[in-house]
Amino acid sequence: MAAVSLSVSTVQPLGDRVFVKVSAAEEKTAGGIFLPDNAKEKPQVGEIAAIGPGKRNDDGSRQDPEVKIGDKVLYSKYAGTDIKLGSEEYVLLSEKDILAIVQ
Amino acid sequence: MAAVSLSVSTVQPLGDRVFVKVSAAEEKTAGGIFLPDNAKEKPQVGEIAAIGPGKRNDDGSRQDPEVKIGDKVLYSKYAGTDIKLGSEEYVLLSEKDILAIVQ
Amino acid sequence: MAAVSLSVSTVQPLGDRVFVKVSAAEEKTAGGIFLPDNAKEKPQVGEIAAIGPGKRNDDGSRQDPEVKIGDKVLYSKYAGTDIKLGSEEYVLLSEKDILAIVQ
Amino acid sequence: MAAVSLSVSTVQPLGDRVFVKVSAAEEKTAGGIFLPDNAKEKPQVGEIAAIGPGKRNDDGSRQDPEVKIGDKVLYSKYAGTDIKLGSEEYVLLSEKDILAIVQ
Amino acid sequence: MAAVSLSVSTVQPLGDRVFVKVSAAEEKTAGGIFLPDNAKEKPQVGEIAAIGPGKRNDDGSRQDPEVKIGDKVLYSKYAGTDIKLGSEEYVLLSEKDILAIVQ
Amino acid sequence: MAAVSLSVSTVQPLGDRVFVKVSAAEEKTAGGIFLPDNAKEKPQVGEIAAIGPGKRNDDGSRQDPEVKIGDKVLYSKYAGTDIKLGSEEYVLLSEKDILAIVQ
Amino acid sequence: MAAVSLSVSTVQPLGDRVFVKVSAAEEKTAGGIFLPDNAKEKPQVGEIAAIGPGKRNDDGSRQDPEVKIGDKVLYSKYAGTDIKLGSEEYVLLSEKDILAIVQ
């Protein structure tokens, strides 16, 4: 089998999952969010890179996602699965782990 | 990528979440709430700064939030995610973690 | 921001929560309830001071509370959030944590 | 506030709860139930003293209780909340913790 | 209060519960079930002595029990509540803890 | 009471349970499944010997089982209850613990 | 009983399960996914080899799977049951444990 060639554009999340590019640490304080010392690592800022088709309801229909590609979001650092593509860090999250849109 | 510029007005909570400005400790006792010693850190007073669109029902409709911007609320100190904007402390809570409106 | 002025009349519980004034220990034995030694601190007597709008059903309607202001109730001491207003003790409970009306 | 005067007739259980008078230990063996040594304290015999309005269904209606006042019942000793009224022991149980009617 | 007189015929299980007479150990191997050494005490053989009215559905109707009085059944030894009537051992089980009818 | 005479044909599983004859260890590797060393005891091969009437839906109807008598199946070794009939090993499983049909 | 002859084509997953061929470690980095050191073993790449009929809804209908045979997928390494067929590694997963399609 040939090698799997992966890049941002080839990642298609399933269900209610979203694929988020993690913002570098400098960015998080430049704009104004200062995380309290005792919780410094909890909220994280990122940008939506890809979105799944939405959570499936019991009747088979889907819920429209509340975020769109390009949205800057706050999410819990401990949620989801970390993935590195080249030198960039990404995370695969369930949409329910996104706390707020910040821009 | 440019730095993310964050301020209170740019935080838009998702789902049933609310964005609450934490009241300073002096305020909490000035008006009359004295917390018992053994539970001093549990209930916390804050003011609603932003409100999500409401909890989504199974049929896709949303429940109207029970609070509005400006409400003073009691919530459990251990709930939600702490965020600092400049010198002010905020918390992102699920509406169900709000115990009561106090004014 | 001005101090938050809190009193019993300003506490409005949310959802299925009730605000209960804790009865003093003497009262609990004067009227006849003697708690067994091994469970002395479990059931507690109080009086309903304020009531939320009721638990929200899935269709958005609300369930009528089973208690009313002034009811004397038994509840589990370990349930809810303790609050002190001046020298009086209160507790914010979910209605489901109330075991019985006792008068 | 005057003392709360409590007696059996003033206890009105909420929801699916029942108020049960615990039978004395002698009674439990006189009639024939011998509990195995390794489980001696698990099942308990009592008599229904008061019954709540029944479990509320999702549509607001209530389920009729399966027991009635005066029924002798078997229940798990570890369920519910113990209460002593004078020299008599009582327990507040959810109806689902009652295993069987025994008479 | 007079002693509670209990016998098999006076035990009426509630809900989806069944009252099962535990088969003596000899019986379990005579007919062919040999339990593996490492699980010797897990499955247990018994005979249905009394049956509750069945599990209540959300709409208040009941599910017909899958077993009837006299059925020999396999159940998990660790399920339910043990009761001794005279020299005989019984167990009060939820019907869902019955694994199979064996005769 | 006479001894309970048990054989494969007398075991009738309840609900969504199935009765599975465990395949001997030789069989599992002869045909091609080699379990990795670190998971050697997890998946297990067996043959369906008896099937319950199916899982009951909330409305009282039943779901058709996905397996039939004679199917070779993979299941988790840690699921269900082990039973020995003569020299043969059997297991009583919930159908949801069956991972795949393998023939 | 004859030996069970197993090969990829004979594995038919049940319910919402999928049968996935695990990609060799080289492949995972060749195309661009570099897993961060502290999470190196968490996300795993594989290829869908077989698909169950889909998750059964409460009304007996089934949800269409979101993946198809041949899809390259990311899944959590700790999910599912590992199986070795000859020299190849496979895993039986619930579809909900698949994070994203990656090609």
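Which chain is which? They are A, B, C, D, E, F and G, in the order written, and residues in each are numbered from 1.
The definition used in the following text is that a contact is a pair of C-beta atoms (placed from the backbone, for glycine too) under 8 Å apart; a residue touches a chain by one contact, two chains touch by 3 or more.
Keep in mind that what you see is a predicted model, and the values were worked out from it rather than measured.
Common neighbours of chain C and chain E (chains touching each): D. If each chain is reduced to the centroid of its CA atoms, chain B and chain C end up 23 Å from each other. For the pair chain A and chain D, the distance between mean C-alpha positions equals 52 Å. Chain D has residues 58 in contact with two or more other chains. Taken as a contact graph, with one node per protein chain and an edge wherever two chains touch, the assembly forms a single closed ring in which every chain touches exactly two others. Residues 1, 3-7, 10-15, 17, 19, 50, 52-53, 56, 58-60, 81-86, 89, 92 of chain B touch chain A in their complex.
Against chain D, in their complex, chain C makes its touches with residues 23, 26-28, 30-36, 38-39, 42-43, 45, 47, 57-58, 61, 63, 66-67, 72, 74, 76, 95-96, 98-103.
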